[in-house]
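Each of the next two complexes has subunit A plus one other chain: subunit B in the first, subunit C in the second.
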Partner chain A sequence: MTDSLKRIAVLVSAGKHPVSGQPRHCRNDSLALQMGLNLANDILVLHAGESENPALQDYLALGAPQINVIPTTDNIVNNLATQLTNTDLILSGTRAENGDDSGLLPYLLATKLNLALVADVVEIKAYENKIEILQFLPKGRRRRVTVCLPALVVVHPSAAVTLNFIHARQNLGSISTLSASNFDAKHSQSDLKQWHTCPARKPIKLAASRTLTGHERLMAAISSKAKGGAVVNEGNNVEKAQVILDYLREHQLIDF
Partner chain B sequence: MLNYFITALFWLATFILLVGLWRRAQLWRNGQAAEWKLTQLFTIPKRYFVDLHHVVAREPYIARTHVATAGGAVAAIALVAINYGLMLYSTMLNWAIVIATCIMFIGAFFVWLRRTSLITNQPPSRLSKGNWSRLPYSLLAFSLGLLLLTLPITTLSNSIAVIAALLLLAGSAELALGIGMGGPMKHAIAGLLHLAFHPRQERFNDQLSTALKPLNLQEKEFGINKPSDFNWNQLLGFDACVQCGKCEAACPAFAAGQPLNPKKLIQDLVVGLSSGTDASFAGSPYAGIPVGTHAGSPNQAIVPALIEAQTLWACTTCRACVQECPMLIEHVDAIVGMRRNLTLTQGSAPNKAPQLLENLRQTANQNGEDNLARYYWAIDLDVKTISPITPVDVLLVAGEGAFDMRYQRTLRALVKLLKAAKVDFAVMGALENDTGDTARRLGDEATFQMLAKRNIANFNTLKFKRILTADPHVLHCLKNEYPAFGGHYEVLHHSTFLAQLVANGALKLSKSTETRKLTYHDPCYLARYNNETKSPRALLKSIGLRVNEMERSGLRGRCCGGGGGAPLTDIAGKQRIPDIRIADARSIGAEVVAVACPQCTAMLEGVIERPEVLDIAELLAASLVVASSAVTGLVIESTVVAA
Partner chain C sequence: MTTRINPHRQAQVSADDLKREPATIKRIVLSKAQIAVEAHPAKWLRTLSKPKARLLVIAHSDRGAVDDHALQAIAAAAILADAETAVVALILGELNDNLINESLKQAGADEVLVLPSLDFQVFQPDIELSAILSMIESLKPSRIFMPDNLIGDGSLGRRLIANKQLTAATHVIEIDANHVASAQTGGSLLAISELPEVILLSPNTVESELPFTGKATRIEAPKIIIENSQNTVTYQDLGMQGSKAENIALEDADFIVSAGNGVQNLDTLANLANALSASIGASRVVTDGGRLPRSKQVGATGKTVTASTYMAIGISGAVQHLQGIKDCRHVIAINKDASAPIIKRADLSIIGDAEEVMQALIAEITKAKVGAP
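After this line comes the complex of A and B, so read on.
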């Protein structure tokens, strides 16, 4: 716990159990909430959606002292942004499980507020006007980064905080709705056009298809040697980028 | 001169006792209000001589000893009250006092004898030492002193009279100061009052009273945080404890070396209600937790200052302690009460418990599975699924065991038997939610009540006469705990129902081909929670199987370790509880352990070297008459379906 952070906000979204479809907290956002609670007692918890959503009860039990619900009638990025000026640190999960608060919301919000966004954070330490974070990288690697405040931090699902569901807190916390008149509808009309919705696409892996002989596949399976590729250390940025571009063209992974 | 001494002593002792009782009553009054009537005092004699005696009589030695000691003492004191209290000084009454004190003296001698190493190598380790070791001497002193002083002989030499008077003084001090000072004789007064104002009055009306009391969550009742959160009559009950340690001897967690001893737990609560430390406790400690490091007072949080959380989480809620307790103390209510506070206000259930509770909240089953999958095991058995428009006779509620591939074999065997007996039944299908049994034992009353209300709402849309289940935990929840939420159903365990079918000839079974030596393991939630020990044995007998009883069976059966969420909280001990139970089975050479509960099945099958574990339904299905010539399960099923 530290006093150096003046104002912390956590964005929480309404989740859905993947099997039962029952409304619930989004675990990733709950991790962000718990991280916020570990940093300060008094935090601002924001949700864009319906105040009656049973999922919000979960956040109360998980420690949110009060949840402010923002209407989704207009552009929620703008609506959120109006509540988040003068905030030192904004925390959220990587993405919501469904609904209006999914997609690239943290990124859009960071752009709107002109804040630095740090993704995949697993640990936060607060100092005067800055935070030191531990960032998740693949294959067990981690990176320590110092970030000047204000900033928007997106929490990784593997963040090492323990969630504590306490039923008694449901009665202590409260949910309040911020009325739509608080928000300037003129701006949002034009911004609304920036939202493009489309069905989620399966991510395409940028990997060259290789035809290997039976013997090569066997050797690849039984030897621990690196499976090809090259590390480019020489040259300036343009030359390095050219190597990658050549590789992608050679394997027809891009068509320009 | 001596007469006046005894009179003065009697009235002084009575006064001291009443002051002590008043002081102790102030401590009990720190507890919460509970309904009581003064007329309940009149119930004491019957409850003492019938209900309490049933428990005490299981150990004849101490039963007889207690009859002599307490009977002699009560008679002697009553006679002293008449003869000396009212200053009659009749010689005939003195003779009566002499007889009573003689009986008391003999009783007290045997109390003393049990605590020496004369008759056995060692007094039982379950007995407390400390001031309980002093008690036999106090009793001997009281009876001997009173005997000598009331002997209707006037030729007592002065020195003997002085010694006798001192003996009587010492003994009377023990009796009179006990209640006020919290000495061993506290049990006599608190015990009798506890019988009158017992928190579960139904127990004395020949009714089972095993259901937990609901919490009013809207009124912010979150269980027991400090000793004064107990009802006053629960506090009184803790004070009744005689530290005989029968609970300790029966406790599976204590036997497994987990940090729980029901006797110490009750004594810790006594420490809590009367303010102090546990340093004077002179019995077996909680494994791994030294005595003297904990303290409490009525308004101080119990966990962890007085009792460590791991002690509470080690309990399997098997009720063996409650079954054994001669003072009829309700240990499990106390433990679950304290667990409720931990879970509801701190969310601190250990290990896998929080994940399970989250699954129950979000999916209404324990492992986050699809509720549609609950009856996948029945998909090829041509079983009806109940719906609001299809009334049935029997509604089969499978419970959580339905997701477990091992227990699905049992359920399939049960369906086979029901079909053979031409029972009109249907399964509950996707409408079934977990009963909330595990959530409730883990102290999560909120999740339990949510699930209970949801299940009751579902039941109310359906038409059925009876509920049948193969899971004693489901049985207990639906039958004993749902009525408090408005769900009143006739619920039968499969052993009870199948025994009825066999008895009325609907189910025809041949002699079993099983030749191996067989024993039967009583599930706690079937035997102690629902008093069903006969039907499983009758069923096994009906197919010609002899049950070789293990060391502990029936209502006194040893727990498998699977109840109360104990496999989830998973408190470490020196050994595992199911290993102890399987050792029981192996010690009588059993090659098959018959079971009647999915939890017991899972726990006992978790032991590596063990006899085969088979559910009663499986043993019966193998002896179905229609299937007698069939060899494989597949053929058996097709035969039954065709029939």
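After this line comes the complex of A and C, so read on.
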């Protein structure tokens, strides 16, 4: 079934423990890696960054046979794109944890390579020239979609794959370095030049400024903030049940 | 009113309790079976002196409604807009007029455009992208706000950013007139920048309760020509499937029927949940007593749920419980005590015996389903 796929690539970023700062694999990307390994043995695992990063050892332990590293932290999209021109299927995680973590990279890459893109994927089945995916949606909903190849699939954190961390595989796998291309300085365009960082703190919620007039202050004092909806304390149980059903119907919360 | 509730006390209702009715509660007359509309305290209408610029908010509706996250994106634009800037809400998917236009007003939208064919349930990313591109072309907004959600807006926003190479900030957790901020490096850093062209907002970054309203004037969406062909070649939507309620994590459930100490018979509650395809939740008294597993507990020391519908049955509504349901849109209470704190939180409260009302409701649902096509 899966022999039909010519080339599968998985994009892995370098993770970092949010508290200790220790390098580690990025779980999202490991899920993508495992999904790729479930489809084919021979996959291209790509990382743009430093080949010495200990985080990459984790991906070897998680089953990557070989990791190809593009030694750059600039022009990541262009650099990755150059390596991916002949690929049927690219898998990525949803969000990195060691850069701007914007979840934009897959979109920039798919746009650059003119690929179909599906996000929030939890299952993949491969067919001859297409894949069938199951897509995560909130509130327990899922959607099935077939996508013509070539395509980029962004894997959702709740993808149903099991990660197997086997230390011994670190010695079996290898890390090789590709050459970085020199692109003109025109940087990844969606980056704002003026980003700066500070240690995390509790974010401040945006609220409208309230310069209350005397009248408004009076209104605020006399109108209670507690909302309280409709209260039904009359009628028999059937009528009460009917009120609940009417409410559910009116707000389209049930479909019968 | 802060009453300390002893979880072990016997539920008792005195005749006095029934007479005492909080002043904020309106009665409804059953024969009309109509829900009383809450009166809003006086708010001023944000008036525009000839708009010179526009802020565009794009969001999908879900079953005809616009959720809180999308309303927060509209409120953010409304707060940041000056007197010469109009806030335009572009809603993808159907809009259920009567109910929703009011919430768009409250969120500060000046104008509302609806593209009903772009329902979030249908996977048509290329069509959606070309539709919003042509809307952007004709509206020429100075900035675009979208909720960074998983019903399609987060993804559509990123397609837009990549396609037009716009400056952007995603997963935005803090915003004001001068900056946006997102968490970076797994949450250990806060990255700050000036306001970019496209802003994808995380939930609860904005206080959507505003001191003013917008007009929310419905305007005719300009005719857009959508290149349909490419989408249907590339993607084929095989349809939505709901997971079985019992397989959905409580945090992800859309409809929860929740049991409190006032529920005598959990089998009845399970039958009701089944009839409504709902997940089961519980108050701490119920899980402490071992009547339902700990994983079902909703509240400060249990799960925070975001269901569209939360039915609190025989639950008093202690603050620790209410903390867990603050993001639920429709709360329906069944309680024999009209002065229980849950009544203040609920959008609809039925005063009566839990077992009897549940039985009647199950019977009515069964009838309705037989009658349905």
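Everything that follows uses one rule, which is that the second predicted complex is superposed on the first by the 173 of 256 C-alpha atoms of A that agree within 3 Å, B and C clash if a C-alpha of one lies under 4 Å from a C-alpha of the other, contacts with A are read in each partner's own complex, and residues count from 1 in each chain.
To be clear about the criterion, contacts are C-beta pairs under 8 Å (C-beta built on N, C-alpha and C of every residue); 3 or more make two chains touch, one makes a residue touch a chain.
Just so it is clear, the model here is predicted, and its values are computed rather than measured.
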{"item": "Touched partner set for A:19, first subunit B, second subunit C, both or neither", "value": "both"}
{"item": "Partner chain in contact with A:165 - subunit B first, subunit C second, else both or neither", "value": "first"}
{"item": "Larger contact residue set on subunit A - subunit B or subunit C", "value": "C"}
{"item": "Partner chain in contact with A:201 - subunit B first, subunit C second, else both or neither", "value": "second"}
{"item": "Set intersection of subunit A contacts, subunit C complex versus subunit B complex", "value": "17, 19"}
{"item": "Partner subunit A, residues of subunit B touching it in the complex", "value": "217, 220, 222, 343-348, 354, 357-358, 361-364, 368-371, 444, 446"}
{"item": "Residues on subunit A engaged by subunit B in the complex (per definition of touch)", "value": "17, 19-20, 22, 24, 61, 163-168, 171"}
{"item": "Residue numbers on subunit A that touch subunit C, as the complex places them", "value": "15-19, 21, 95, 97-104, 107-108, 110-111, 116-120, 132, 135-148, 189-190, 192, 194-201, 203-208, 210, 212, 215-216, 219-220, 223-224, 226-235, 237-248, 250-254, 256"}
{"item": "List of subunit C residues in touch with subunit A within their complex", "value": "18, 21-28, 30, 33, 35-36, 38, 41-42, 63-65, 75-76, 78-80, 96, 99, 120-121, 123, 125, 149-151, 154-155, 158-159, 161-163, 165-171, 173-176, 181-194, 196, 204-207, 210-212, 233-243, 245, 247-248, 252-255, 276, 307-309, 330-332, 338, 343-353, 356-357, 359-361, 363-365, 368-369, 372"}
